[in-house]
Amino acid sequence: MTAASGDVEANDVEASDLEALARRGRQLVIDSVAHSGAGHIGGPLSAMDLLVALFFRVLRIRPEEPHWPERDRFILSKGHSAIGLYAVMALRGYFPVEELATFDAGDSRLQGHPDMTRLPGLDASTGSLGQGLAVGLGIALGARLRGLGFHTFVMLGDGETQEGMVWESVQVAAKYGLGHLTAIVDCNGLQQYGWPAAPGEEGRGDRRDPLAGTRLGAALEAFGWRVLEIDGHDSHAIVEACDDARASAASARPTAILAATVKGRGVSFTEGRFEWHSRVATADEAAAARAELDLVEDRRA
Amino acid sequence: MTAASGDVEANDVEASDLEALARRGRQLVIDSVAHSGAGHIGGPLSAMDLLVALFFRVLRIRPEEPHWPERDRFILSKGHSAIGLYAVMALRGYFPVEELATFDAGDSRLQGHPDMTRLPGLDASTGSLGQGLAVGLGIALGARLRGLGFHTFVMLGDGETQEGMVWESVQVAAKYGLGHLTAIVDCNGLQQYGWPAAPGEEGRGDRRDPLAGTRLGAALEAFGWRVLEIDGHDSHAIVEACDDARASAASARPTAILAATVKGRGVSFTEGRFEWHSRVATADEAAAARAELDLVEDRRA
Amino acid sequence: MTTAMRDAWAQTLIDLAGDNPDLLVLDGDLGTSTRADRFAAAWPDRFLQMGIAEQNMVGVAAGLATLGYIPWLSSFAVFLTHRAVDPVRMLVAQTHANVKIGAAYTGLLTGFTGKTHQDVEDLAIMRAMPGMTVIAPGDATECAAAVRWATATQGPVYLRLARDAGPDLFDGSYVFEPGRVIPLRAGSDVLLVSTGPQTARCLEAAEMLATSGFSAGVLHVPCLKPVDAAAILAAARGVRLVVTVEEHTILGGVGGLVAEILTEHEPRQLVRIGIADTWGESASNAFLLDRHGLSATRVAERVARELAGVGSSAGAAS
Amino acid sequence: MTTAMRDAWAQTLIDLAGDNPDLLVLDGDLGTSTRADRFAAAWPDRFLQMGIAEQNMVGVAAGLATLGYIPWLSSFAVFLTHRAVDPVRMLVAQTHANVKIGAAYTGLLTGFTGKTHQDVEDLAIMRAMPGMTVIAPGDATECAAAVRWATATQGPVYLRLARDAGPDLFDGSYVFEPGRVIPLRAGSDVLLVSTGPQTARCLEAAEMLATSGFSAGVLHVPCLKPVDAAAILAAARGVRLVVTVEEHTILGGVGGLVAEILTEHEPRQLVRIGIADTWGESASNAFLLDRHGLSATRVAERVARELAGVGSSAGAAS
């Protein structure tokens, strides 16, 4: 599928392997958050299939050379899902899986929100929602000026698209015709607190979808973007959409991939529940998750 | 046309009178800026027909009772066009036309940008672009909570719609279904500096239209707004669109009126020229404008 | 049992809402963290969810205020004092709008969120903003009193809320008065001038200093603007050394305030303890307080060291 | 003939761009006011128009910096220190990005734009921000030197630019050094510590004071962070009274800085002249300087009054 550069072996991972990796990644998220006693669950889990596909199939990267100048760039604009990114980076070889135990701890490279000054491999520091696309835009502009051929991917939350700064970037990216900039929106139908759904109103649980009443794709198209809508848990579809985005890098239109996902995906009791935005699993819950995710051993055992 | 309340006599002004008022308003803008030695020309002139139609035909207001609780609200979000608003307010009887000579002067009520703490009749302080719609949203929400039937109009610049904060308000206004909130965008095709147009590229003079490559109406519709497109120099069309917006106040969708205008409208040498965004007319230029606007006497003479 | 300020903030608003039909709460999608969700449960029609769009939220509040409403904003402090500070300045402070800023998760102790979320500059920023009343309560009781006072008083108020519960400083008889500074402990060697939850740590430090033979007073400054400068000067007169302690940068906050007051009226030495012009990080509260010298132990150590230094010049200073 | 800082800023960037292919200028649709348009004319491919979208502009600069570019931002100060301060903090200061903030139209003298545009709090805000170098040049020559220094130096820099031309303070031999403070006039009665274009007004005030029999020194502080505190203390030692003067709020700016330095090291009285915690308005420069006590005449009057007051305690202060 993807014409990834030869030196990125992980890009040969099979689709079935991606699913296994995603299951492992989800468990690492739940365990790491339980270990540190704080963090987010819902967003990292909804984004997990996207992150695994990106890091194992799409991105042209060298985990052993994180500052490789020609690497693709990836920015997690929804920085509160940091632990999801860290889990995948660990699986991909950026650092030992064991280091996940330092998540959120003092002096750790694995800060609650991604901190590029601490962890090599991060292309931006995020945490204040709405900012990542601007940085990606700057990187994409710089790549053009430098004549570098890499692609820049930025992942946003659906709630995050309420931030005005996102729409500044949307407009300016289109004005500069940055076809080599791709936004991936994790459309998991929930944000942190959200708007309570009115009785009978469609929503996820008792919360209205952040995009209810909004046609996000139409808005992006109106601002000059290409829009692809996919199932954000279908690895094949994810890779295909990212390849499509890369293939149209010369088209002078940035691409937005709207990925339909389920918040808390992969564990029955976290799926679609806004309360799990940032809850910490009890030991029992972590064990239950492990069983559901079909994983036998606790990496901390 | 409009079912204005009986106590607003000015609403009986004829369309031809509106044109005369607008010509007079344009001259007051040019003279006031020349007198103070600073201020904006292009934006006030492009907005003049809109402002005259609003203040003389659309808005239910009482100049002699500027704090009348049930008045319609009007916010000039593109606050740098303050002198245009002041000229029309003076013509409408909020304060003597002579007071325009204090524009921009120390201790004046007529500040370079509208200051509601100084001048009764202003419903918001503006000057930092992108903010006015949020205030209008708050007023419209409050009107609903208070059970007040007035309508809230907010005028934005086309360049101003680049500000992210505008899109925060666009989204939230739709979520709250504020049909009694109307945004009027002065689409004059220029901003302050703007993006230089590439050779052969369409634009106004040597500047790309702020909305080039953008379908503003489609974006607003995607976010759940009603959109009306009109000629912003056609008084009849302006009044009709505002009436339409008011008539659909119960529709749970805010209305955006995209008014096609010419920056610097009404004076040949300012029309469509970005340089006149904030230039001061010389005495000769002011006289030339007066001749073009078919006005005989200098109000300052 | 101690209550967290955010709990007291929400409960007080719930209590006030009954008698005050104009009181509203606007949330920036953080109600589950700021406790605005409790207000929402109690008063669903008076709760306005504004989503992840803080700038708009501030403008909406300014608009509501023109109709006589008293909007309380709720978000993490940093999103109000940074992301949305432009509308706070232009639409709230410059128009003297009756908007109340409930700034949650201030200082370093923000539940492992890290440097992006740790607002350690807010007091400097809000103090520099003309027209803003700046309050940093020391405990839940004072917080509740400040909420009552702010709700009853016309004009913009910034309220700095701590995330986690700390020791109680005040009892139910407490009345908030803008500008008032509150002597919580008398002492003759050193006066610790503090604000917010750091005051409780200063009281603890004073205890520790006592066991080392130093007599430390504690002066609590719950309101940085306005502030009773004369009362600060009076409290400072009796001691050998004045020290400010704050969970905030040492540039422009309580330290800056007291430095400005002292040099204006009664110049004397000041030691400013706080975050030394650096960022925080994700870590436990204990780690962060220790790292930045703000735990009771670290404050006591530092003050003891400083006292040793000024011992000789004590006469000149008073 | 005098040059405005904005002119010097643009010309210096035009000059530097030839030898420095990484230098870029990003404009927030104000190039015709900030003079970024001149850079655009000279280097069209190195000029990036970012529109009326300041937050995005800052993020774009942070992204460009990761690729080795040196982006200079250009807008009115208030839109950088308020509208876009969140990305400045998170994306530039916290990551120590090599982004340079060209903040035009600072202080009160902003060409009749009024209170919304008059940034009289920027020094307090930027000084409180960890990791930020904060520069406020006194004339066009110093401005040009600061631009050269900032462009050549890794890390975020905030450069406070005045709109209008003022008297020249320095000649072509001037070299910018971060933190350096510059004695411009010696005096034994009073030391005026100032920054930005206010320094020239202080020199004028010192002349006026001389004709009234007062010997006034002037110390120029072009860099608020870092700053050579020892040099400020040394300059202050010889005079009866120290006065800060700034076209900025008296809370947290130069006044706050000097108050913090004095109380930390050599406590003594300080008079802080500046904008007294209030807003500006649209008016002529002369009106505004007079209204806020910042014209040379008003400064001289105030200082003379203050000197009369401290006359008796002069011995104690030195």
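A few notes on this one:
Every chain is named by a letter (A, B, C and D) in the order it is written, and numbering of its residues begins at 1.
Please note the rule applied: a contact is a pair of C-beta atoms (placed from the backbone, for glycine too) under 8 Å apart; a residue touches a chain by one contact, two chains touch by 3 or more.
Bear in mind that the values here come from a model prediction, so they are computed numbers and not experimental data.
Path length between chain A and chain B in the touching-chain graph (shortest route): 1. Between chain A and chain C the centroid-to-centroid distance comes to 36 Å (mean Cα coordinates, whole Å). For the pair chain B and chain C, the distance between mean C-alpha positions equals 42 Å. For chain D, the set of residues that touch two or more other chains comprises 51, 53, 55-56, 78-79, 82-83, 86, 90, 94, 115-116. Chain A has residues 115, 125-128, 130, 162-165, 168, 171-172, 175, 195 in contact with two or more other chains. Under the stated contact rule, the graph of chain-to-chain touches is complete, every pair of chains being in contact. Residue ranges on chain C touching chain A, taken from their complex, read 27, 29-33, 36-37, 40, 44, 49, 51-53, 55-56, 78-79, 82-83, 111-117, 281-284, 287-288, 291.
Listed in rising order, the residues of chain B touching chain D in the complex are 36-39, 79, 104-108, 111-113, 115, 125-130, 159-160, 162-164, 191-196, 210, 275, 277-278. Residues 130, 162-168, 171-172, 174-175, 195, 212-219, 221-224 of chain B are the ones touching chain A in the complex.
If you check the complex, the residues on chain D that touch chain C are 78-79, 82-83, 85-86, 89-90, 94, 115-116, 121, 124-125, 127-131, 249-253, 255-256, 258-260, 262-264, 267-272, 277-279, 317.
Per the touch definition, chain B reaches chain C in the complex via residues 115-117, 123-128, 130-143, 145-146, 148, 164-165, 168-169, 171-172, 175.
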